[in-house]
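Naming follows writing order (A, B, C, D, E and F), and every chain is counted from residue 1.
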Amino acid sequence: MENVVSEKRTYREKMNELILEKGGKNIKRFFALDSRVYEAGALTVKNKELMGLVASTVLRCNDCIFYHLDQCHKNDVTDDELFEALSIALIVGGSITIPHLRFAMDMWEKLKT
Amino acid sequence: MENVVSEKRTYREKMNELILEKGGKNIKRFFALDSRVYEAGALTVKNKELMGLVASTVLRCNDCIFYHLDQCHKNDVTDDELFEALSIALIVGGSITIPHLRFAMDMWEKLKT
Amino acid sequence: MENVVSEKRTYREKMNELILEKGGKNIKRFFALDSRVYEAGALTVKNKELMGLVASTVLRCNDCIFYHLDQCHKNDVTDDELFEALSIALIVGGSITIPHLRFAMDMWEKLKT
Amino acid sequence: MENVVSEKRTYREKMNELILEKGGKNIKRFFALDSRVYEAGALTVKNKELMGLVASTVLRCNDCIFYHLDQCHKNDVTDDELFEALSIALIVGGSITIPHLRFAMDMWEKLKT
Amino acid sequence: MENVVSEKRTYREKMNELILEKGGKNIKRFFALDSRVYEAGALTVKNKELMGLVASTVLRCNDCIFYHLDQCHKNDVTDDELFEALSIALIVGGSITIPHLRFAMDMWEKLKT
Amino acid sequence: MENVVSEKRTYREKMNELILEKGGKNIKRFFALDSRVYEAGALTVKNKELMGLVASTVLRCNDCIFYHLDQCHKNDVTDDELFEALSIALIVGGSITIPHLRFAMDMWEKLKT
């Protein structure tokens, strides 16, 4: 079970390193910026990660959903908070997001064990 | 062959149950509503499922395509009806939908055997 | 009121002519193909236009919604048929499609007067 | 100036009423559900509206952006909170969302006057 | 005629300034990065702007299409080059992009006069 | 390693054949048109394939990305050209495209070995 989680983390890191090594300056700058917007500010990290999760769900990207779920888990998001955020994503994005809810459900259970 | 079909059905059901159990009232209400819109009314179930298929194809969601193909198959959609609906999806959605046509073709053959 | 309808039709035709005149062979071929997929076959024109409408709504394109509404109107689609198709689009595409439902509602009333 | 704001609110309400009157039960149920997911729960209304705003921005729907900005304004979202949420939307959704940032900026200024 | 062109340029600049003034560091960094990726390198500015145009067309954003058309015009893109790029966008993105082809056609004629 | 590449090519060809055999005239015409738009004209095949790649990346379709990478490789696209095109896609499409950059990176390395 846990294997899926660690495999996803490992592939992500390995490929990111390769991209940062070979992709040029602009991609590197984008990656730096991509970390900064989730840092604590007027909004908490937790709420920002939930926003990242909602955005990833309505745009229907499982890898992005996994990443933000992982961050949500590290930032002590509760089940209720998670499902309220996912309910917003479901209503905004419609039934086409349901397969991603299933994926999120599956990964969340694995992250918690 | 058939295994892919039954695996998809089983994973879908198992995860839906978990979501309905843990996801809260609003998600549950959405799921109920999601069944109701495909019920027979002024339009037949067959045509509604084909509409669901077209929507899933232009939005490029394989799990949704599989689900509606499965329903189309149960509602005696013919090959001609299927490919006319998919032709509309292809023209509206463009070549970016072609990988989903390949998936639909593959699954349709499996559903028919 | 009707002006909106005729303005939309006129701009569409004028620009299509310009595109067909200047855009080259491949665009011309695509436009021809775009008409063919809605012709009567195993599925009726009415159901095909409703499929075009559902696809346009989940992809959220008002000009495309207007065009298919216009065709639906010419093909005697009833209010019940229209709203059942739009309900599918709403559930599949979520609340992000609601502004397009408002537009569709507005245009449908104008097409009927 | 303010006219744009009140015109948008009025058109929205008028068309929603027409849809609720004529669109049938399933659309009515969806609209009810659409209000419920933004109610206070484990997450605050303010954070939920910001999530709605982020989702609307990455999906690039100006009418939805306006609606959530209006709700954010009523729920005392600060400039800093707003721009942190919009920064997430911009990074997730890319430069294609910039025209919607411009619209959001424009409307936010009008809502504050 | 030309007014549409200059109005679009002016609104864009005015709002961009406001965003850069009030939107915070991360948005400012993104805007800087957004200019850099179109600079001459292994690929010419002309081809990069055409890539930006194709991306904007398949993602169906008129303001972005206008911006890249304006840049294409300044970089001496010919009609043939433009329509070949737009043909790719049309085939990849499907008939849902046609209203954006009409807009591009309309703006291109205005930029050339 | 190479297996992934040849498996993808084989599945694609096999399914395309099945679609062309069973999908009807309109799908066949679309497939023909889909080849034509990438042929040399005012723009080179190389630049057209890079445009196809950018479009596929912002629309986030791995199968399409793979196909255009394969064509780019056959048309002697250099690493620098590739990453400049992908940088445009990343900036236009945002962080939601990053998983597809990882996929592109991975496949590009495999195509080059």
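Observations
The rule we apply is simple: contacts are C-beta pairs under 8 Å (C-beta built on N, C-alpha and C of every residue); 3 or more make two chains touch, one makes a residue touch a chain.
Predicted model, so just to flag it, every value in this text is computed and none were measured.
Touch-path distance (fewest steps) from chain A to chain E is 1. Both chain B and chain E are touched by A, C, D, F.
Chain centres computed from CA atoms place C at the largest separation from chain A. Copies chain C and chain D of the same sequence differ in orientation by 120 degrees, per CA superposition (steps of 5). Each chain gets one centre point, the mean of its Cα atoms, and the points for chain A and chain C are 36 Å apart. Computed centre separation for the pair chain B/chain F is 26 angstrom, with centres defined by C-alpha atoms. With centres set at the average Cα position, the gap from chain B to chain D is 30 Å. Counting partner chains per residue, chain A shows two or more touched chains at residues 26, 30, 33-34, 37, 55-56, 58-59, 64, 80, 84, 87, 90-93, 95-96. If the chains shown are joined wherever they touch, the resulting network links each chain directly to all the rest.
Residue ranges of chain B in contact with chain C, taken from their complex: 33-34, 37-38, 41-43, 47-48, 50-52, 54-56, 58-59, 64, 78, 80-81, 84-85, 87-93. Interface residues of chain E, counted against chain D in their complex, comprise 11-12, 15-16, 18-19, 22-24, 26-27, 30, 34, 55-56, 59, 61, 63-64. On the side of chain C, the complex with chain D involves touching residues 60, 79-80, 83-84, 86-87, 90-91, 95-96, 98-99, 101-102, 105-106, 109.
Residues 26, 29-30, 33, 36-37 of chain D are the ones that touch chain B when the two sit in their complex.
Residues of chain F touching chain D in their complex: 58, 90-97.
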